[in-house]
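Both of the next two complexes hold subunit A, though its partner changes from subunit B to subunit C.
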Partner chain A sequence: MTFREELASIKPLLESIGPYNEFPEEYNSKDAIEALLTSKVLVIGAGGLGCEILKNLALTGFKDIHVIDMDTIDISNLNRQFLFRTGDVGKSKAQVAAKFVEERIGDKQLKITPYFGKIQDKDLEYYKQFSVVICGLDSVEARRWINATLVSISESNDIIPMIDGGTEGLRGQSRVILPTISSCYECSLDLISPRTTYPVCTIANTPRLPEHCIEWASVIKWGQVFPNQKFDADNPEDVEWMYTAALSRANEFNIEGVTKSLTLGVVKNIIPAIASTNAVIAASCCNEAFKLITNSNPILDNYMTYSGDDSIFTFTFELAKKNTCSVCGVTGISIIAQNWWTLETFIEEISEKKDIQVKQPSLTTSSNYLYLRNPPHLEEITRPNLNKKLSNLINPGEEIIVTDPNLPMSLKLIVSFEGPELEPI
Partner chain B sequence: MIVDKETKYDRQLRLWASTGQSNLENSHICLINATTTGCEILKNLVLPGIGEFTIIDDRKVLPIDLSGNFFLKQDDIGRNIATAVKENLIEMNYEVKGNDIIKSIESILDNDGFWDTFNVVIVSDHLSQIDQLKEILWNKKIPLLIVHTIGFYGSLQLISNEITVIETHQSSKLYDLRIDTPWPELQEFVDSFEFDKLNDIEHAHIPSIVIHIKALNNWKLNHDNHLPKSRDERLLFKKDYISALSRNIHLEGNFIESVESFHRALRVTQIPSNLQELFNDDQISDENINLSTPIFWIYIKALRNFIELNNGLLPLPGALPDMESDTESYVALKSIYREKALKDQELFYDQVIKVLKSAGRYEDEISKDSIATFCKNAQSLYVSHGSKKSFTPDQIQQLTSVTSTPDSLLEIYFAIWAYDKYLQEFKVIPSINDIETVKQVLASSLNISEKLSPTFVMVLSEILNHNTHSYHNLSSFMGGIVSQEVLKLTTAQYIPLDNVFVFDGIHSKSDKWSVN
Partner chain C sequence: MLKLREQQRKRQEALEASKANSPSSTNSQPSTKASGAQVLLQKNLTELELPNSTKIEFPNPTDFFNFNLFISPVAGYYKGGKFTFTVAFTQNFPFEPPKVKCINKIYHPNIDLEGNVCLNILREDWKPFVSVTSIVMGLNHLFLEPNPNDPLNKDAANTFVKDINQFRRDVSYTLKGGVLNGDRYDNVISRY
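Our next item is the complex of A and B:
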């Protein structure tokens, strides 16, 4: 196949300038094609969205594509992750996906470089080589990490745009983040609906739903029976045990509806997924990448939501940058603490907050260590602070720096105090 | 390796369950034109396991076809395109059956029985005989989806003269609790709670439904049986009728919950207005019920009869939301709702049998499961009467209007229509050099004498500048959209598009409307 034929499906888009092109004087079709052929693109995630993204990029002229995924292929992926077959179960998603697309396209110029591992394995220099990063992830943590990394690179180097897609059932969203210029992922952390949780007292004392019985089996019973063993949702024996335990709890309380499928859904926090929605969202992301790299038309500014369960509906809006964003904002997050709070209470309270969300935080001020989890000797030294009142440890208005092993950046909190000195009864 | 279907399809079974899956596996769809967009549509249907697909296309694979299409390989050049893409698609899921027909549409069109085998027909890109096909499928009540992708734009027209959905999955209509009209067993249960005699722990675990029914009864006694209506009355109801029952409204979680969910207590149990319309439909008049009346309409007629026998109430769905409560009360309450729902299902079943028998039909046409599903969804049924028109006179006027409607994508739809019309007449793809001819074609076919609006001309110029039909991102986007509509139609779940959708990939916006 000749070069002309290979690019036939996109050439008309680049060879003439449409009326919506924002920079018609500067636009040049040769540059646009050159940019496509030479830009390095990073795809994070080779799952439902990732498979689609790799195909889309390869079929729209991109030649140097990298893909990272730490997961291996599972049978339940096959209903949508179309680059995988039954025989691939257990292999690396990134490696199998890269090979499949390369072979299918059959173009010697196309190079897809897979990395079977975590995004955290790579350093800043690695990420600096890319013109754009497209994410098809299912984890908030990974998105926060790559977002903070790209913002920090963009602060001192060229901007690396991040295009982010996500789906759930028949719904999804795509967005374009221009780090330091438009709102970043961290700016919108409070928009993410938290995972459903059930109060411990309900699970322990007054179960009513089958989900309560499953949570009881996984949160309470498992730890009692196997104190030194972590539950493995991918091990059929573990799942079978969990199901049986939940079922016997349900029978004891005359609660109906515990099934193996529900048990799996609850313990693995399964999100429904189909090929159609992934196709829509991945195509939207790649269309933005195409416009961004070629300058052929304006890009999404900056967020589009999609839902297909009741007719078809999309909503496009500009999500505003947040001043108090821990990643791209200028001021810290204001927290009002109660005078009676101990450092431990304070840590519990902030860990749950939607715009903070930390699991293993360490806290310092500009002059003192408040509580450090590592190294062990500092943990030991700072541990007594947990029981002290926070108002005795810092001054009102003082900044607290929070770090967490899951986050590449630190969070700035500005604390003021109110309320009684003693805990109300 | 043996693949367990339940494991493989787990992520989609959570959306449409085994009933939806079985409908999907019994469906046969037809794609006319093996385009990039067409292949992307089929990809998203082969993966979840649609029963069977048929591709109609008599072209051979040219090198240029490979650009943008993932389901063609180098080796396929020179082969029949329908055969090649069929093989490359089926390889993803061997549970699906694929067929190729290497013939022109012209030669098949008049073979009347041919179309009857399909549940849905999709036309991707240009088809000269589109008007005849529309007529044939309309009369057979087979949904037709027409999809175009040109440059950064896409459009979908869904043509079907009737779509009925029972399982619409409308979460806002999930619960029908009948707090304003408790049936005797429910009232008896409520009365068994003597609030004053309960200890503090028991008091803090009275289910909110019990609290709501008590509070509403008290209110009605004091207000001539009227429900709280005005804002002030509702506030008063929350404060003096719900909170007042609590021993400590800051501590008793069940009462806090009852205040927060007070709107449940004020929901009036009534027949949804769209259901009233269905009861007046011609299809269920006595003389029109016959051997070929779809089961949906048999159900509607039976539902109308049921309501007459059931004090004007629908069958109870029986679902109960979670609420603060001890296990015993909650389980008891749940079984009261379930028992009543089962009783209603029995009564409804009898009505269905009567209607079937009146039409000389038999009870083996229905199952208890489908009766239960219908009863659970009776308040959120969906029916649309589509249109085979492409647009309305008002919409044509919009093309010459000086004031354009912001966010309307009507211009894109017409630009695609005009482009296709040009293709029909001249048998070649128009480019920006043909813009005046395209305008003339449009003006003469729609009888437009005024000047076309600047917005429309801009859109037309965009589409003619960027005249590719297989820009993969747009093909894949529309492939996702169209396949999703096919999934809704074949599983008979969720609410489909009514009936035009347009996507603008430049501004990443979409629009939809119903042509009526």
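Our next item is the complex of A and C:
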């Protein structure tokens, strides 16, 4: 493979060894270029950040890009998600974005593979094929999922770095996670500020802000009028009802400022997205991916925050790894179990192991509660499992999560089976 | 980081080699993984300390994100009643608090007739480290010491402030399923 003419601007960055290169003796520009041309990169999210990221990666010279997004294109996306046109409304973001970039770049070696669906549809084997994963997501839940998945792969295999970008209005952040090595997404979960909430009593009795009136309509009034119906923020009729209810509440208390867009903002927790913030953050994410793959420069260590709402400010610092993190703070322990062992035998065996140190363990897998010691009702529900054979309760390779009052968080056990099916006499 | 990439390439080759050698073993193990929310809630629930006044029940044995709490206050205005709350956690735990509702229609300054509960730690004062034990304690506290300064049921709060004896009578009357100001309340007198 050779570098195409239009990518000549990238070449000087890789061909000479820069002053900051961490491994000048080992660095080899041929390897770096080869890596750029052959590494598989996964982009999660083809929205505001995703469009920028896909464009950047393709123009940087990456040739094998995959993209996942479960969403379809909405008319309100078109102002900033520049890979989409009016005629694309309703189609898959991932598919349209992939096709647009491929056609625009016009390079036969560039392959962008879209997947229209959820990240949870794909298994570990799928994620193992990538050299780096870049996230442009809008939910904490999805970030936690992909983070846990990459940590789990990194424990048993090699490290797949995760680059996470996020924007909120004029502010944004990017970070690099080296699963099991540096602070993971779950380690810093406590730092996320929860959505703004107001005391129910204030909403119910002493509203002072337009937001109080909207929350009153959403938290209290809706349940009274439609006790068995869930509010649907995507249904214009529901939103209209909410707006009218909030407005009459506001009039009653002489509060100004209830508008339809504020209503939507409060009930959907929307912060307007800004194209330039997305561009800044996506550039940072792609820059990190480029450095990770080519080793041409040191990577971000490990969190960069950007704020553009009062002049421009950025700051970089290192988030610390948390020893008691429920995702990366616990290492997996491999255990060999006899085929004939019941769950009870298994628990006795692990309780005697010195490197496990549990006294009152509770055990689950991702799909099954094996034995929970407390509260009493869960103990009663899971007690019959104690007499069942462990090999019938778990799937091969499935990890067992152990919690115990003695443990700061949890342990992961990876069990393999051997020996006879029946207890030797 | 160079090492990282070399290892990744080796792994890729090994992966493809193993695929080529055993095409039949494509139906590999389910690769689901317990979520951070599940691990944290497991830790939380198995170390839950329930006071004698409170029982917990899981209607769906394969889902500990949703459960019911039965609270029978041992003292105070609500002694003799048994109150049922539904608690619903989501995968956003511990980033978001659980939704807690009282499914009985009761007369209480901090609980409205739809079952909404005004408890600060369930809303504005929620923090990722608030435990299930603290939620249970908080709900118990509401029955021992109703707080008329943060009312959800204004009538109840007003009566509480103005005439505590009337409030006491209203509570014991409504607990038996009585009608007050046009609203019929649920009979929540505990049979135990």
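In this section, the second predicted complex is superposed on the first by the 324 of 425 C-alpha atoms of A that agree within 3 Å, B and C clash if a C-alpha of one lies under 4 Å from a C-alpha of the other, contacts with A are read in each partner's own complex, and residues count from 1 in each chain.
In the analysis below, contacts are C-beta pairs under 8 Å (C-beta built on N, C-alpha and C of every residue); 3 or more make two chains touch, one makes a residue touch a chain.
Just so we're clear, the structure is a prediction, and the values are computed from it rather than from any experiment.
By the touch criterion stated above, A:Ala283 is placed in contact with subunit B alone, subunit C being left untouched. Applying the stated contact rule after C-alpha superposition, one finds that A:Arg80 touches subunit B and leaves subunit C untouched. Of the two partner chains, neither subunit B nor subunit C is touched by A:Thr259.
When the two structures are aligned on the shared chain, A:Ser131 is found in touch with subunit C, with no touch to subunit B. In the superposed pair of complexes, A:Asp158 makes contact with subunit C only, with no contact to subunit B. Once the two complexes are laid over each other on the shared chain, residue contacts for A:Ser29 go to neither subunit B nor subunit C. Once the two complexes are overlaid on the shared chain, A:Tyr20 sits against subunit B while remaining clear of subunit C. Looking at the shared chain after the overlay, A:Met304 reaches subunit B, while subunit C stays out of its contact range. Residue ranges of subunit C in contact with subunit A, taken from their complex: 1-2, 4-5, 7-8, 11-12, 15, 28-40, 42-43, 45-48, 50, 55-58, 61-62, 64, 91-92, 94-96, 110, 112, 114, 116-118, 120, 123-124, 126, 128-129, 150-152, 154.
Residues 1-2, 5-13, 16-20, 52, 55-56, 59-60, 75-76, 78-80, 82, 85-87, 89, 104, 106, 169-170, 174, 206-209, 253-255, 261, 264-265, 270-284, 286-288, 290-291, 297-298, 300, 304, 308-314, 316 of subunit A are the ones touching subunit B in the complex.
Considering their complex, residues 22-23, 26-27, 31, 35, 39, 123-125, 128-129, 131, 140-141, 144-145, 148-149, 152, 157-161, 186, 189-190, 192, 194, 197-201, 204-205, 219-220, 223-224, 227, 292-293, 295, 299, 326-327, 362, 364-369, 372-378, 381-382, 395-399, 401, 403, 405, 409-410 of subunit A touch subunit C. The touching residues of subunit B, counted against subunit A in their complex, run 1, 3-4, 6-15, 36, 40, 43-44, 47-49, 63-64, 66-70, 73-74, 92-93, 151-152, 168-170, 205, 322-323, 325-327, 330-331, 334, 432, 458, 461-462, 465-468, 470-474, 476-477, 479-481, 483-485, 487, 494-498, 501, 503, 505-510, 512.
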